[in-house]
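Some structures are shown below for you to check.
Look for chain A in each of the two complexes below; its partner is chain B in the first and chain C in the second.
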Partner chain A sequence: MATAAVGLRAGAARFEANTATRDPVWVKGLVLFLGLAFFSLFLLLPLIAVFVEAFRRGWGVYIAALVEPDAVSAIKLTLLTAAIAVPLNLVFGIAVAWAITKFDFRGKQMLITFIDLPFSVSPVVAGLIYVLVFGAQGWFGPWLGEHGIKVIFAVPGIVLATVFVTFPFVARELIPLMQAQGRDEEEAALVLGASGWQMFRKVTLPNIKWALLYGVILCNARAMGEFGAVSVVSGHIRGLTNTMPLHVEILYNEYQFAAAFAVASLLATLALVTLAIKTYVEWKAAPSTPPAEAP
Partner chain B sequence: MAAVRAHRVLPGFGLSLGFTLAYMSLIVLVPLSAVFILTSTMSVQAFLDAVASPRVVASYRLTFGASLMAALINVVFGLLLAWALVRYRFPGKRLVDALVDLPFALPTAVAGISLTALYAKNGWLGQYLEPVGIKVAFTPLGVLVALVFIGLPFVVRTVQPVLEDLDTEIEEAAASLGADRWQTVRRVVLPTLLPALLTGFALAFARAVGEYGSVIFIAGNLPMISEITPLIIITKLEQYDYVGATAVASVMLVASFILLLIINGLQSWSDRRSARGL
Partner chain C sequence: MQSSIAGWRRRLAYGAVTFSFLFLMSIVVLAQATTILNVSYDVARELYKDINPAFIADWKAKTGETLTVNQSHGGSSKQALSVIAGLDADVITMNQPPDIDILVTRGGLVAADWRKRFPHNATPYTTTSVFLVRKGNPKGIKDWDDLAKPGYQVIVPNPKTSGNGRYTYLAAWGYAFDKTKSEQVAREFVTKLFANVPVLDGGGRGATTTFTQRDVGDALVTFENEAIAISAELGTDKFEIVYPSISIDASAPVALVEKVIAKKGTAKVAGAYLEFLFSPAGQEIIAKHAYRPRDATVLAKFANRFPPIKTFDVEETLGSWADVQKKHFADGGIYDQIILKK
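Our next item is the complex of A and B:
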């Protein structure tokens, strides 16, 4: 996944002004044509299709699909899941970044590799592992059953699977940044008499706030949009264990295309808002950026 | 060890590392180990029956084959797009740059139904493609389309920063030594980008191998033809074949671990390469 400060920092003007780095006009034309055609076909068109299909049968059908009780409960469950998973991984992200970047210890490199594990595991496998641990046939299944606790095919399973797939987001934005910032500022704060909490709040937090926000919005987007892992543990019980992406699937498989795309358009809007905040954060986080050249 | 301890001026080492290890074990390591522990209780024959049946092998071929092709396509077009974003001025550039990350932000199920709507027989693109004999939706080609969508940002976002940090002096030197533009790009610029391109390729490939949501809507999911391996796991689970599902999952996990190690190696190569260039 991308690192935080990818931007159009230096501006293309310096390349186009320099004879050594300037491409012939026909090359520029060809690269732009191929690149943008590919972009339009694979990224832009699917995005537009979501909104066009959502409104194909009019506003009435669109609104009806969103206020219908099953849709409302799916929206609520999605918000609840993100409200639990994102803060958990936020705390984890800060803790692991603090340990890794402020101290030296053995096995650090292995720890960094482990953080990325959930990104390389298929979402389906992510769901499966919780079925193996908490399912009726699983390790703790019989014990949970005796005590009347449902994890799989219930909300706790959905939250666990979501926590798993969004596990690395905050940590991997913070670690490179805090690594680059070093330890000097915090050590100075302590020497000057700050308590641990004061040091964190007044020195560390202001330094990492943009990366933190960046990690949180990416984490949130994935938490609200996760499909594969949640699909395995949810059991697809309407009105109870359906998140928004699962609700989209059910509507789609019932050939209620307009309704499916209506709910999907909410998720697509969430994605666009995420990208807008992300672009803003990148712009804020790189104060040295010269103003982008006029197109 | 004493010297290392003396560095610990800052507070919170025990707390942050302790919490990290406990949380990581609880959420990631212990549940993942369940796959291997359960697999190790299987007999060799039962394991082979589960992971090497013709239907499962056909799914590996599709999953890994389509992922490989999608990652290759993304390397070519991702490089073109990254090049355009870094080197050229054109209208709408900031919008294109922001939207490249769309596959990271758009839920996979949304991408799946949208791509299907585009490529189905009466869809926006399908209505022109099917008459000329190109069937995309509900075929392996549909799987490829979904995997291309999901993998594109990985290549663009690994190549773009390296291209931005590339010193123009290298190209100026090549030009002043008499190389034409194509020679400069091929012999000087592309070799510098190689580690980033390979990293992007590996990231896109790894993501594609495990992808589920965007694929299942457009794939048609015909056994032996357009059924991906993650779907095999789901199917086995739905038939209460937990052991079989776990065996196939263990194969996928081993593939993921190998890819993760390769990606880590490529990334540190890429970092060293760009650090040396500065």
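Our next item is the complex of A and C:
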């Protein structure tokens, strides 16, 4: 995906240079207007509204909403969840992408399909799956209960649900890139006497690092923002199992609109920071990779 | 260069070890303090936010023990299902008995005779369904009859998903039945009333938002405590409360979750927590949140807040909750039939 931006720019320039493929000005204007109007109406306006609402009752209320113990615990839980789910998916993602692109085995197509499962399944269903498996009346529930292990309605359940929902991001970013790169360089490294770990560190990792980072960023954004799946397994215990998105909903339902939007604005800021890093990664990645239309 | 990388790695390793240690310690520390969890319905959150610190102080004064009381809120049936699925609730505080009865029948989490464990059938407070109308009552709404007249719009939460909505439906039914003693008339009456409902919100709070923020409807039928809270929150100059000639007794039941307190060893604290709700201090907090307290002295103190209203009891007038649930709200029940006709 990171290489696509460069290809797009080069493609557009070639498209413009040719009179046969150049669009009339009014078409360009209309498309541009539609795109921008849609963007401002559906994306920019709500984003501004969040910040306007958050500061409606002043800085004092805004800060108070963020340092309130329940909010602090929600922020901590969100960061903890992301801190566990993202590294796990980093490892899983590389492993799966590696297996798919470097090995041949039966059922490979099946595995690729299954990676997308979390995208196609509704998050609520994802949450319910864990309730059915780990709930008190579920498959492992009685055994877990006997041994005093809490999975759902506790932090492990929230992490599990988040890992499930964010699983495809890293793998999906890596697979096309690693497929395009093929196995030649790795094979060369092995022939030259590199150990498996050396090969991975010195050949594979430098090749995939930008795509990997991009996948991790998307994965992190979703891990912090996930609502549906986490809502089902959280149990909504204040100060214990509420993540930031759940805390926003609770505050809103309590008529604490300013506080709800304050926490929402923090979440939005995290998202904006993520986007900024993403853009930086794309920009950084662009010169080091050949234009996309080469193959 | 090499040595600096090695040093960096060593520091990273130390950092990781320290972090894991702190993390484990925090879990141990969390596990040591006695913690109880109150799983409750959606709109009781403000009440228990005030009850909990008061109880913690009370318990500290009596025993010297420091407690943590956690609370969880959501749609009442959803909350009950969460407890069945393993949410470790020490106590459950609901607004309708069926949501506690389900914990008796599924999983045996609550003792079958939970109603007898605490005074007043284990209900520390009661409320009732009243009308909220726009300032000056422009449509002159006085009683249930007015809500069923053609051309009136009434906002009610969905009886299928909300205890609040079920109480409204049953109150209207009870009003017509009380007048005529005829089920046929009662049925026709609720049919007409629900034909006047333009939006069925999922819960009490949703209905409040529809009426107050979106300005839909001539009257909102909701709990008295919610109506008083709206006036307090959004200004008495915008809405006023109308008390009908008769309404329903909406007592809020509480129960201990026996299985959980046996496992966690919190029977004493959890029992004291629920008893605190019936104590004068607890009753005072309850009254402040516009629920009608059971304690006569506290009720007298807040008498100007709670005008007398004639109420009827569901189980005395319409039969047991299990039967009411089956007859009116089960799939294909009377409620489904009248909604389909509409």
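To be clear about the criterion, the second predicted complex is superposed on the first by the 272 of 295 C-alpha atoms of A that agree within 3 Å, B and C clash if a C-alpha of one lies under 4 Å from a C-alpha of the other, contacts with A are read in each partner's own complex, and residues count from 1 in each chain.
One rule holds for everything that comes next: contacts are C-beta pairs under 8 Å (C-beta built on N, C-alpha and C of every residue); 3 or more make two chains touch, one makes a residue touch a chain.
Computed from a predicted model, the values in this text were never measured in an experiment.
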Next on the checklist: Once chain A of both complexes is superposed, is A:G145 in touch with chain B (first), chain C (second), both, or neither?
Outcome noted: second
Next on the checklist: Under the stated touch criterion, name the partner, chain B or chain C, that contacts more residues in chain A.
Outcome noted: B
Next on the checklist: Let me test your reading of the model: by the given contact rule, A:L45 touches which partner, first (chain B), second (chain C), both or neither?
Outcome noted: first
Next on the checklist: Let me test your reading of the model: by the given contact rule, A:A20 touches which partner, first (chain B), second (chain C), both or neither?
Outcome noted: first
Item to check | Which of chain B and chain C A:V131 touches, first, second, both or neither | outcome: both
Checklist entry - So, A:P123: does it touch chain B (first), chain C (second), both, or neither? => result first
Item to check | chain A positions touched by chain B in one structure and by chain C in the second | outcome: 131, 135, 137-138
Next on the checklist: Touching residues of chain A toward chain B in the complex: what are they?
Outcome noted: 1-3, 6-10, 12-16, 18-21, 23-24, 27-28, 31-32, 34-36, 38-39, 42-47, 49-50, 53, 88, 91-92, 94-96, 98-99, 102-105, 111, 113-118, 120-125, 128-133, 135, 137-139, 160, 163-164, 167, 183, 186-187, 190, 196, 199-200, 218, 221, 224-228, 231-232, 244-246, 248-249, 252, 257, 260-261, 264, 267-268, 270-272, 274-276, 278-279, 292-293, 295
Next on the checklist: If we count contacts the way the header does, which residues on chain C are in touch with chain A in the complex?
Outcome noted: 37, 42, 45-46, 70-74, 82, 84-88, 106-107, 205, 233, 263
Item to check | Residues of chain B touching chain A in the complex | outcome: 4, 7-13, 15-17, 19-20, 23-24, 27-32, 34-35, 38, 77, 80-81, 83-94, 96-111, 113-115, 117-118, 124-125, 145, 148-149, 152-154, 157-158, 160-161, 164, 168, 171-172, 174-176, 181, 184, 203, 206, 209-213, 217, 230-231, 233-234, 237, 242, 245-246, 249, 252-253, 256-257, 259-260, 263-264
Item to check | Complex interface listing, chain A residues touching chain C | outcome: 131, 134-138, 141, 145, 150, 152-153, 235-240, 250, 253-255
